[in-house]
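Labels for the chains are A, B, C and D, by order of writing; each one numbers its residues from 1.
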Amino acid sequence: MFLSSAEAIERLVPEGTGFLAVGGMHMHNNPMELVRELVRRRRGVRRLLTSPSASLAADLLIGAGLVDEVATAYIGFEHLGLAPAYRRAAESGAVTVLELCEAAIVHGLYAGAGGLPFTALPPGLELSDVSTANPEHFHTITDPFTGERVLVAAPLRPDVALIHALAADERGNVFFAGAHFTDRLMAMAAKTVIVQVERMAKAGEIAAQRADGVLPGFLVTAVVVAPRGCLPTASHRAYGYDEPALRSYLKLSRTEDGFAEYLQINGMAAAGVTA
Amino acid sequence: MFLSSAEAIERLVPEGTGFLAVGGMHMHNNPMELVRELVRRRRGVRRLLTSPSASLAADLLIGAGLVDEVATAYIGFEHLGLAPAYRRAAESGAVTVLELCEAAIVHGLYAGAGGLPFTALPPGLELSDVSTANPEHFHTITDPFTGERVLVAAPLRPDVALIHALAADERGNVFFAGAHFTDRLMAMAAKTVIVQVERMAKAGEIAAQRADGVLPGFLVTAVVVAPRGCLPTASHRAYGYDEPALRSYLKLSRTEDGFAEYLQINGMAAAGVTA
Amino acid sequence: MSVTVEYSTGELMAAVMARQLRPGEVAIMGAVSALPQAACRLAQLTTAPGLWFIAGGSGAVNPHLEPLVASSCDERLLDADAVMTLPDVILVEGRGDLIDVFFAGGLQIDIRGNCNLGPVGSWSHPTLRGPGGVGLPFVARAGRVVIYSMSHDRRTFVEHVDFVSGPGFPAGPGGLPGGGPSLMVTPLCTMDFDPGTHLARLATLHPGVTLEQVLEATGFAPILPVKLETTPAPTPEELSILRRLDSAGLLRRGASR
Amino acid sequence: MSVTVEYSTGELMAAVMARQLRPGEVAIMGAVSALPQAACRLAQLTTAPGLWFIAGGSGAVNPHLEPLVASSCDERLLDADAVMTLPDVILVEGRGDLIDVFFAGGLQIDIRGNCNLGPVGSWSHPTLRGPGGVGLPFVARAGRVVIYSMSHDRRTFVEHVDFVSGPGFPAGPGGLPGGGPSLMVTPLCTMDFDPGTHLARLATLHPGVTLEQVLEATGFAPILPVKLETTPAPTPEELSILRRLDSAGLLRRGASR
């Protein structure tokens, strides 16, 4: 249950993992310690699923060339700018983009979590180009109740989910603080779940949480205790994002050489890593 | 926003309301003050939707002859016994039963809340007789992703939902205590939402709740403050169910005359009420 | 030397059900579930450490059951290791690879392990309108299903249920996505299912119960095993744990043995 | 007598956007949304008491914005009247009868109010890969859509977006389930939509901006109104409220006017 980040990635995210989901939202609650371990080990995945709005975690994995296809609705840094590595890879075709929308991600994860074979989407969502651009993920079928044509999306069932929570108890029950975005849903939909936490829970702390803020341990495969392990992204109710560090990443990663330098500086240029 | 139970029912649940949902689960958090007001006013509804497990609220409304059709997965009193009025009405055909399962209710409310045209159900659920018994609520269609035959269910979009919460603030933000079952989802799916609360919230009390335990006021049409208004059912974190009172109901309501007597004793035999 | 320890039918059944559970598994139960809840807690404290159980509508994960309560949604169940929302429990039940053991029951239970909590008799004009099956259709997706009933008579144990709330083994072609019914526990006996025919097979008789009593009380003819064992009585340790949990005596309301 | 009050483009835009909101309405916004958040809070304190607003990914309902923060998921937003989970926000956006005003934006915005936050150029090998549209497809289901952009140039305001993240008025037959785009607010002007053609129509020029400047900076030819008004400047009261909220000066980073 309790592993180091190295053990967790080594054992639970085998090379060539088909479908990896990474939690957090924007520059908040990205499970960076786990992501850095993936980069150190050069663990490639066929498909990466992000939360509805990803930032550093996705940009790093894509920049390191570890992702064949990314299923996402947003990778960027809000007011700090666009995602440099994602831009470069998407513009060159180095990564394939499965463009989704928030509804396809959230309802798709709901379907994955609940064993629903697919999800119908609200009328009007077919008017964006998201479904047109990704014909393998969306279909238009006839609503058997009304006869109308409706858009449906595939369920999302990640092989592995990497998420962050505030604390865990001995049984692997974890709880979230602040907002937890789509992290619980992602964990509920994934076969293997690695949770990065700031610390161990105090006695009685989990039981005092509301249902919404807890992920029961039977849904958790492994816990990695990594204090301040979301930095430079924020960990809600623990610390804010490190804006200078993020700006430094954004500046360096404008070029491939700079990106390689960032990995080097941040201890991610493991043996076997080539820029 | 703040109404008496009489005003709320008079204004917001017009005679012949098409689709009424009533919250609570088993003998817990039934919005009894609102339900009693419906009975006092003899307000009939075409279809009643219960939570996955209903008890007194549904049995009273059905026994009073106010329900043409009930969509439910369970009406009973757990260890205290079967629901006498429901049994009598269902066995005589006085009420039509739209038998649902928990999945059809919860995923149906999710679809209703999110504007999804319908919901697909997990494989295996077609093996019960629930869908066979209710061909208008279920269809079997072809999964466009896999080609398999899959069961789908209609969305649930109540015209009015009656639910209970612990407390409300001036803006109609309400919060739940203990478990809230399907009550939030029911409110999110309904066009008109009447929330019965024990009391007004203290300053800062709503803001201190987790997201899961709050229903924002823009989803609430009216609030009725009714201290101890769930009795004889429980209000989580306020009081337990009144078992002697429930047993007394179960005993009296074994016959139609006894049921009428129960209404009389409990102030529900308003002018115009006939047993 | 020996001592005679008296125990109730409920206590015996709880002990039998507890022994069905294995360390680290995930079990779930629905309404009127003090019995399987007690069984799960007992198992956690004896042969199935690390067992997880979800107390139905309450969403409680590993409720501490101090005390054991009658209603499946009692707020005291929320004194637990963790709590889920009810909609999240529905997701967990539906995913299909998470629930190892589903405790089920019925007003009617048949030879293939089908359970009926809905209409008895005609669907539209039943002779007995049962409460409804709640989440019983989900048994189809569980690892295995343990069926329990506090009544063992010919109205309950029937050849064919009138309405399938929770599916047992199908009679025709096609299977269950899950593992299907594994054991039935009644006040008289336990029955498992013949691996070849998927029909109910008598497994053990409770202490003091005869084969004739069981056959007389059962509306179908269960397969008879080569050797009919007696259900092991609860041990003093098991009884001691059950009685600590069950201060209200919910499991001791039936006949003592 | 008069006093000269300086204000920034951001402050002007926030004031203009605030005036779009009515008492008791429900508004929502996505990423990079300090501007519409400030507009909503300002509206609550001036002309739209009882307005509700949901701060995108944070799920915060009526965040107090003390202080206004740059990231749409900052934990300080959770200091709010209430908080929803993100999945519940997605339900609310989808229901179709709850959101009165949706604040939208794009790397490209076109004459019909289509917004593109995805690929610019070819879908598979874009010249500029935008971040993605997040929840922008939901604009189709909102009561009305207010589009804002901190850039007003020919790369941003184009005849046709390359990719529709958030749909504007359709060119062909068939309509939107919602009310469609109602106003575009830029650093130079506001544009509404001609009721007949559903094409962008210049509505007001910000103080000091000329028609030529707008036409030069716009990649399509907006319909010209009969009379072109000047956008009313923020009042001292509006500025005072905005500056109290915006202690970090997020709205004052642009040019002052």
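Everything below uses one rule, namely that contacts are C-beta pairs under 8 Å (C-beta built on N, C-alpha and C of every residue); 3 or more make two chains touch, one makes a residue touch a chain.
All values derive from a computational prediction rather than experimental measurement.
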Looking at Cα centroids only, farthest away from chain D lies chain C
Dist(centroid_CA(chain C), centroid_CA(chain D)) in Å evaluates to 57
Whole-Å distance, C-alpha centre of chain A to that of chain B, is 38
Per the C-alpha means, the centres of chain B and chain D lie apart by a whole-Å value of 40
Multi-chain touching residues of chain B, meaning two or more other chains, are 107, 110, 114-116, 121-123, 179, 209-212
Expected list for chain D, residues touching two or more other chains, is 59, 83, 85, 90, 94-96, 141
Contact graph of the chains (line, ring, star, complete, other): other
Checked against the stated definition, the touching pairs are A-B, A-C, A-D, B-C, B-D
In the complex, chain C touches chain B at residues 31-32, 34, 57-59, 70-75, 78, 83, 85-87, 90, 93-96, 117-119, 123-138, 140-141, 163-167, 170, 176-178
Listed in rising order, chain D residues that touch chain B in their complex are 26, 50, 52, 59, 61, 79-85, 88, 90-92, 94-98, 141
Per the touch rule above, chain A residues touching chain D in the complex are 25-28, 52-53, 72-76, 78-79, 82-83, 86-87, 90-93, 97, 99, 101-103, 106-107, 110, 121-125, 127-130, 133, 178-182, 185, 212, 234, 236-237, 240-241
Residue positions on chain B within touch of chain D in the complex are 110, 112-116, 169, 171, 173, 184, 188-189, 191, 206-207, 209-212, 214, 216-219
The residues of chain A that touch chain B in their complex are 103, 107, 110-111, 114-123, 139, 141, 143-146, 148, 150, 152, 154, 179, 209-213
